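Chain naming follows the written order as A, B, C, D and E, and within any one chain the residues start at number 1.
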Amino acid sequence: MTEPLVQVRHLKKYFPITKGILIQRVVGAVKAVDDVSFDIYPGETLGLVGESGCGKTTTGRTLIQLYKPTAGKVIFDGQDLTEIKPKTMRTLRKHLQMIFQDPYASLNPRWTISRIIGEPLRVHTITQSESAYLERVENLLETVHLNANYMNRYPHEFSGGQRQRIGIARALASDPKFIVCDEPISALDVSIQAQIVNLLEDLQDQLGLTYLFIAHDLSMVRHICNRVAVMYLGAMAELANRDDLYDDPLHPYTQAQLSAVPVPDPRVTRARKRIILEGDPPSPANPPPGCRFHPRCPIAQPHCKVEPPVWREVKPNHWVACHEV
Amino acid sequence: METILKIENLEVKFHTLGGVVNAVNGISYSVEAGKTLGIVGESGCGKSVSMLSVMRLIPNPPGEITGGRILFKGQNLLEVSEEKMEHIRGAEIGMVFQDPMTSLNPVLTIGRQIGEAMMVHNGFSREQAEKRTIELLNLVGIANPDQRIKEYPHQFSGGMRQRVGIAMALACEPDILIADEPTTALDVTIQAQIVELTKRLQAELGMAVIWITHDLGVIADLADRMIVMYAGYIVEEADVFDLYEKPSHPYTLSLLRSLPRVDSSRGGGERLATIPGFPPDGVTIMLGCPFAPRCNFVVDRCRLENPPLIMVNNDHKAACWVDVNTGKERSL
Amino acid sequence: MTRYIIRRILQAIPLLFIISVLLFVLMINTGDPLSTMGGRRVTRPEDRERLSRQLGLDQPIYKQYLFWLIGNDWTKVDLDGDGTAETQGTRKGILRGDFGTSMVQRGKEVTDIILDRLPNTLLLMIPTEIIVIALSLAVGVYSALRQYSATDHIITGLSFIGYSMPIFFIALVSMYIFGVNFKAWGLPYLPTVGMFDPKVGKTTGQVIQHMILPIFSLTVITAAGYSRFVRSQMLEVISEDYIRTARAKGLPNRMVITGHALKNAALPLVTIVGLDVPLLLGGAVVTESIFAWPGMGRLFIDHLSRSDTPVVMGILMMISVAVILSQLITDIIYAWLDPRIRYS
Amino acid sequence: MKIKLWLTLMTILIVFSMVMTSCSPAATPEPAAEQPSAEQPMEEPAAETPMEEAMEPKVVTFAWTQEPDSLHPFYTNMWFSATLQQLYLCWAWEYDDQNIAYPNLVEEIPSVENGGISDDGLTITLTLRDDIVWSDGTPLTSADFKFTYDMLMDDANSVNSKYPYDALTSVEAPDERTVVMNFPEPFAAWEANFWRGILPKHILQPVYDAEGSMMGADWNMNPTVGCGPYVLDEWESGSYMRFTKNENYWKGIAKIDDVFLQFVPDDAAQTAALLAGDADLGTFIPASDVPTFQDAGLTVFTVDSGYAEGWFINFREMASPAIRDVEVRQAIAMALDRQAISDDLLLGLTHPIETLWDPIAGGAYVSPDIVPWEYNPEAAKTKLENAGYVDSDGDGIREDLDGNPLVLVHGTTIREIRQDIQAVAQQQLREIGIDLAIESQDSDIFFGGYADGAPPAIGEQDIMEWSDSTYFPDPDTDYWLCDQLPSEENPYGYNYYGCDEALDALFQAQLVETDPAARQAIFHEITKYMHDNVLWYGIYSDPDLWVVNSNLTGVKFSGVTPFYNIWEWDFAN
Amino acid sequence: MMGTAESDVIKIQEEFKTEALTPGQLMRMRFVRHKMAVFGLIMLVILILYSFGGAFIFTEAEANFTNTKLRLNPPSAENPFGTDTVGRDILIRTIYGGQISLLIGLAAVVVEVVLGVLIGAIAGYYGGWIDGLLMRFTEAMFNIPQLFLLLVMAKFFGGSVPDINLFGRQFSGSVVVIIVIIGLTSWMYLARIVRANFLSLKEREFVLAAHTTGTSNFSIIFQHILPNSIAPIIVSGTLSVANAILSEAYISFLGLGVKPPTATWGNMLEGAYNYVETAPWLWIFPGLLIVLTVLSINFVGDGLRDAVDPHALVDAG
């Protein structure tokens, strides 16, 4: 087995809840990510799914050091990102890129496309001359199937799908090894989503990229990912190869989630048996004790309320955090 | 079957700084009592606007209903007085909105917000309204309703709020429930709850439901009849099973093909079908079929002439000059 | 709640400290209170030297501040200028509620000076504020509901003019028209300055008559801003989803406005009013000057012009405390009115 | 319903505030808020009076533009407060409308002739009248005089000024009617400066004993016991002050019952009140309004009070070299059209003057040899030219031999007429090629001390303008004494003009000269010297203007003790 | 059909897309639709022409030319606005006074904007204790009513500031004082706006994207965030100009403003209330000019606010 490109170990990210005017006192914490561990292998796409507020976006942002982790390690290419100096981190950033959810918010509205895409080139002084710079920007636009003539236009002149392509081009500019795709398609119309997904797949093939694909759309994740991790309330619930997870989900939460996904076929969807979960996920500021899922779990046992389940490999490459598996 | 709502040639325009946006371009359809009509389309296709027109809730300015008729139980809603319309809203047509976070008044209790429609339309006293509110909350599956009527929207979770929204829409037992993307803002597990709830309520109360969505998955579960909208036009209308099995408009067809499915792996490497380009902006006047620039089946006629809804088979209509099954131009 | 209030008050302490240092340093370096003590003549050097010592003005600024803050009754001061401090200090400092005595009105307690004027200011400002709130709510809501109508345009235009008008201008104009011209035209005219006509005495009717013009002027400029605020709040609120929901329920328009929109639109006004309440205490410097209203604003300007640090500091600190208190009260009222805050 | 709530709330608040403001007992007794109709008060006095007394009380109303800061004579030097002292206090001797002293508390004014002043001029003895009493009936004795002196000299009292009492070695009260003042050296200016406002010992002594100081005494703000024709009845801060007649006044009970001071904030309000007949007396009126008053049939009194508006020339070393050049000063003196200023800006109510002593010319202290400076720009130009100031670069401003432009700084306090004069002067001096840079400061900044960096004190301004007087009606002034030059060592010095040894000697000599004729001669020398060297340049005589209702009879004003005969005033009908 | 052909189809598609309006164009359109704003702008141009163009017709010496014989003349053909207490022509003085008033308005806002943006940006971007400290200071300044603070500061700085020569003209040093103190007492509101903007913008994805790129804090603040908060700064700055002109008028009215001989509309009013009745032209003309200017600026500011406010965008469907 190859070495993982990214190793995430016991990663925690708490957002303090502070009070006070002159002296800020921490009165609590939103445990957005609470002890999460997983590996990402070169060339693969790891899907990270979960309901809104489960901490998947925070995991992605903490992993890439946009947020300083509260605890834990992120080892990228043998280096622990949580320990290196900010200056080294800045140079390392060209290997780690991110594609954002909102194609409208992720591009600086006052910059031209060429400036946006070229920012990494300038920051990391990748291109030496102005002409090399322009050539590179043109190439990047070609790569994401955009007309290079438009590089002096502003983001507002583009549609959502095009903007997302621009965002992808920017992420590609510094020749990264690893890209965190933070719900890159969820803000797009159905008819555009497939375009972007296909583009991401093509780029992976051409450039040998590794993706962490964060999404809530389980159907799309099944399509694009090699392995899938399911999060619930800041913690990992299950992690397995794609088909293992979809065909044989072990965690009751994964089961419920999968059963709830509608299928665009009236006969199939009406025949499916759904596990309807009661209630809503609790607040991450105050997660339930024991297994976080126990209040909604259809198979919860008394000890689930007390004891947090262990994150364990129940089958080869199939990890799960549940007492009842 | 009794037709309860019939829309004829509805046209809605919006006056924006960028120009006049043709949001709805002469659509016609009808809803039958007790049945569920699903309206599917991408953002900006006019699906919500058409429903707000039914309620006469289009903000004017900038919106304006420029043509057509909306016949509700035989009377044209575009012509009735505002007083009459107030009575129809809420009492005879209920509506549930997309965002449960913003569509409830943050400073009023849930009980008041549900109860006031009954006090207005049914002449209930405060006590009667409160009693009925508790019943309604029970009906939509909210525990401890007698406590919770005193609470405020922010004390409810997203899913619970949407249940409140439904209870509110159902308060006066309307004949039609219009649900405008009621599950879009919710997670799948909550979405499933709401879908189940709607199904159950419809079975119990027997109202017609118009369910607007962009999600072809959710609506497959719910609808009896389907309408697909694109750029302010209805491009296809059919029975739900028919539509998914034999999509007859290239747009519907591509849309269905571009969707990955959770229940089957298409095997590694298989690509999703895509629809190139993006929808028109509604300002530019286009000759021909609005979908033509993105269409794989496009023929010359498409660029010149906008196709009307054509009956393709029994009760199944599509607005396309081409038969997608054969790829041949229809002779019409 | 009690804990919250206590915490807020504790948090206000450093703030007041910053404010007091800031103001004190400014004030101490602002003019010389001794300069006018000679009356129309320049104060004699002997007197200047002696007074400066006796009033503690010769002390370094940090000491003056310290004495002002915690008093000087724990130390001795040199009154006769022989270089030895022999007299026990008598000041208690503002921390112990002693705001000191005025320099120009020697011996008169700052607290008394302020309390003499405070009721007059309140008498003018409270009705003003009430009229302003009522008027601006009415006008703001009305013009929001009839957005782009002729009435709305007129109201908007007028409120803009009111908002842009310096108060002294409106005060002078109204004085000129209602006081001077009306009299000249033989119409019933309004008194211009003072609180009452000395010939008649300080009767309720007199005071009310004399209140009309200042209140009118204050109302015009304040209500203009408020009503624009209410209008924009109302416009924002009526485009909210929940208003659409309310309409979709078939509620009559009046109920949508009064039941659903008004409360949401009026809530933010609480904050604005809260910010303005302390200004009520301070009085309107300009208005009171023009209309000769014996309130806090005039007190401030009079004593500022004679560098009477204790009085000016007293007024400013009182206002600062009032600001902090009123913000606290605003927050509490807001929480009380807005369930989102109440239950979180 | 909501409107009702608002109304109720508003009424409550207004009533509340009313009660707060009008709780003072002397306000017209009226049930508050019950009859808030506007006409009500107009009828009320009429309705009440017949029941109480046959005649309406006679009230004279003063429009008073500044509210006194204190009524204690030694805690205020405010003109608007000091002026009132003849109402409720008494001086040992007061002054008549010719500014001649006449005995008040004393039997006669001490002099060498009547033995009141010792031959060496070191002892002055006063003999008090035997009928003088405080308004509460307590006799006024020499103990009150002694007490007054003691209080002044006690540092714990922080009085505004110890002058001239600090010139004494002691005051003795050998018996109830005798006061003996002992000087270390003769003090020529005694008459004009001593015993202005005697303090009531029986009121203040207990306060002093209790608190160690009379600073906090209630009497300071509320002198209900006094020795003038009136006593304070009530004082509402910011609003009004009412004096009522002293039933124990030993000269006779005043004819007018009450003196009511309405504080009006500004000249316009005062003018309006006077024109409307709302006030019977006003003062410090803008000159521009005088014709209006005269047209309205009001009487305007112009009373010399010793004040003269003038330019104090800074001839210290930090001043501009040009202003230290006597030729330049003389040129300036000829360049300003003072007549036009008096005629146009002051509407001819006053006249240009030559010396600070002009307003006390009754005492004839001004040298008869003085030739007034005449407005003559051409002569001024010639003078400048001769002194070597020519406009070499053609910008209209002259330069000295080194090419430095002739720029002078003129500073004054913020007051409309002074700013107007600045503007006029700037233009007129420009005509002879002098650039007058003008600035103005608030008076507490302008008159601040050397340590405060006040512009006149530190010598930033070449010419300073304000209105000042001698120790009127005495001609003494100590502004030009050399030992009064401010410096780091002498931060409180107030000679902001410069040290002229000759002048210094003259000023020192006059103060110890007890012979009036000799003293007068010294002043002739002083005035002539200062005038010809333009050490002080007079703009106009600054008399007090009083506007009085013509119905008042017996009205006379003194420049020193304005209301000296107010107990004789009356209404004509 | 998909695969390689896809990119071509997209390119063809792009030809169909209508040229979107730039935010600038949209702003201009929305502004122009705002009738009052256009009126305000025209008024403002006229007032600027009046103040600065008038200077070509009349010299400053004429503005300061006194003739005591002509004092307090009512408006006439000779002196259309009448004369003041020393016979200066009010019309000409309003021209020169207008220059100073406008200069004070603009310059004070520059001071205000520099302070407000700097403090707001630092507080908003860095957060934590820096934010806490700066915001406490801001709050402290906010707690003192502006007019009170202005008056105290006017006296504090009002001792004596030497006159300055600018553009060949002599300005009273108090002009600088007034500019500085108005700036010093009015930045708090802007700082709050900027801070709030920075707080929200720094979480925006394009800023995060800049972070992922490795862009330095400096260029994130000045190249990414600041240009995007420029709209509220401009709006608030515009409205502040009106406020600064009013502030100047207020302190001048209370006698602590710009010292003569430099005229401003504000100090022309000082003392004029003594002539409410006798010489109303003394206060009516400068007063009206202040009102007109402030009104026009407020109109423009309001128009700008609407123009830059994305909520004003009307969405369809």
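Note that in this section contacts are C-beta pairs under 8 Å (C-beta built on N, C-alpha and C of every residue); 3 or more make two chains touch, one makes a residue touch a chain.
Every value quoted in this text rests on a predicted model; they were computed, and no experiment measured them.
Asker: Compute the centre of every chain as the mean of its C-alpha atoms, then state which one is farthest from the centre of chain A.
Answerer: D
Asker: Please identify the chain with the largest separation between its CA centroid and the CA centroid of chain B.
Answerer: When every chain centre is compared against chain B, the largest gap points to D.
Asker: Using mean C-alpha positions as chain centres, tell me how far chain A is from chain B in Å, no decimals.
Answerer: 32
Asker: Mind checking the centre-to-centre distance between chain A and chain E? Centres are C-alpha means, answer in whole Å.
Answerer: 46
Asker: Averaged over CA atoms, how far is the centre of chain A from the centre of chain D? Could you give it in whole Å?
Answerer: Here the centre of chain D sits 84 Å away from the centre of chain A.
Asker: At what distance in angstrom does the C-alpha mean of chain C lie from that of chain B?
Answerer: Chain centroid spacing, chain B to chain C, equals 55 Å.
Asker: At which residue positions does chain C touch at least two other chains?
Answerer: Residues 14-15, 30-31, 289-290, 305, 307 of chain C touch two or more partner chains.
Asker: Check each residue of chain A and list the ones that touch at least two other chains.
Answerer: Correct list: 21-22, 159, 162, 195, 198.
Asker: Among all residues of chain B, which ones touch two or more of the remaining chains?
Answerer: In chain B, the residues touching two or more other chains are 43, 271, 273-274, 276, 278, 294.
Asker: Which stretch or stretches of chain D touch chain C in the complex?
Answerer: 3, 6, 9-10, 13-14, 17-18, 20-22, 27-28, 30, 32-33, 35-42, 44-45, 61, 67, 69-70, 72, 75-79, 82, 155-156, 158, 160-163, 166, 214-217, 220-221, 236-240, 260, 262-266, 269, 272-273, 278-279, 307, 442-449, 452, 454, 467-469, 479, 484, 490-494
Asker: Spell out the residues on chain E that touch chain D in their complex, using ranges where they run on.
Answerer: 64-66, 68-69, 71-72, 85-88, 155, 158-160, 163, 170, 172-173, 255-256, 259-261, 271, 273-278
Asker: Spell out the residues on chain C that touch chain E in their complex, using ranges where they run on.
Answerer: Touching chain E from chain C are residues 14-15, 18-19, 22-23, 26-27, 29-31, 156-157, 160-161, 163-166, 168-169, 172-173, 175-176, 180, 236, 278-279, 282, 285-286, 289-290, 300-301, 304-305, 307, 312, 315-316, 319-320, 323-324.
Asker: Note which residues of chain E are touching chain B in the complex, please.
Answerer: Interface residues on the chain E side: 1-3, 6, 9-10, 12-13, 16-18, 20-21, 26, 29-30, 33, 313-317.
Asker: Help me check something: in the complex, which residues belonging to chain C touch chain B?
Answerer: Residues 239-253, 255, 259-260, 263-264, 267, 337-340, 343-344 of chain C touch chain B in their complex.
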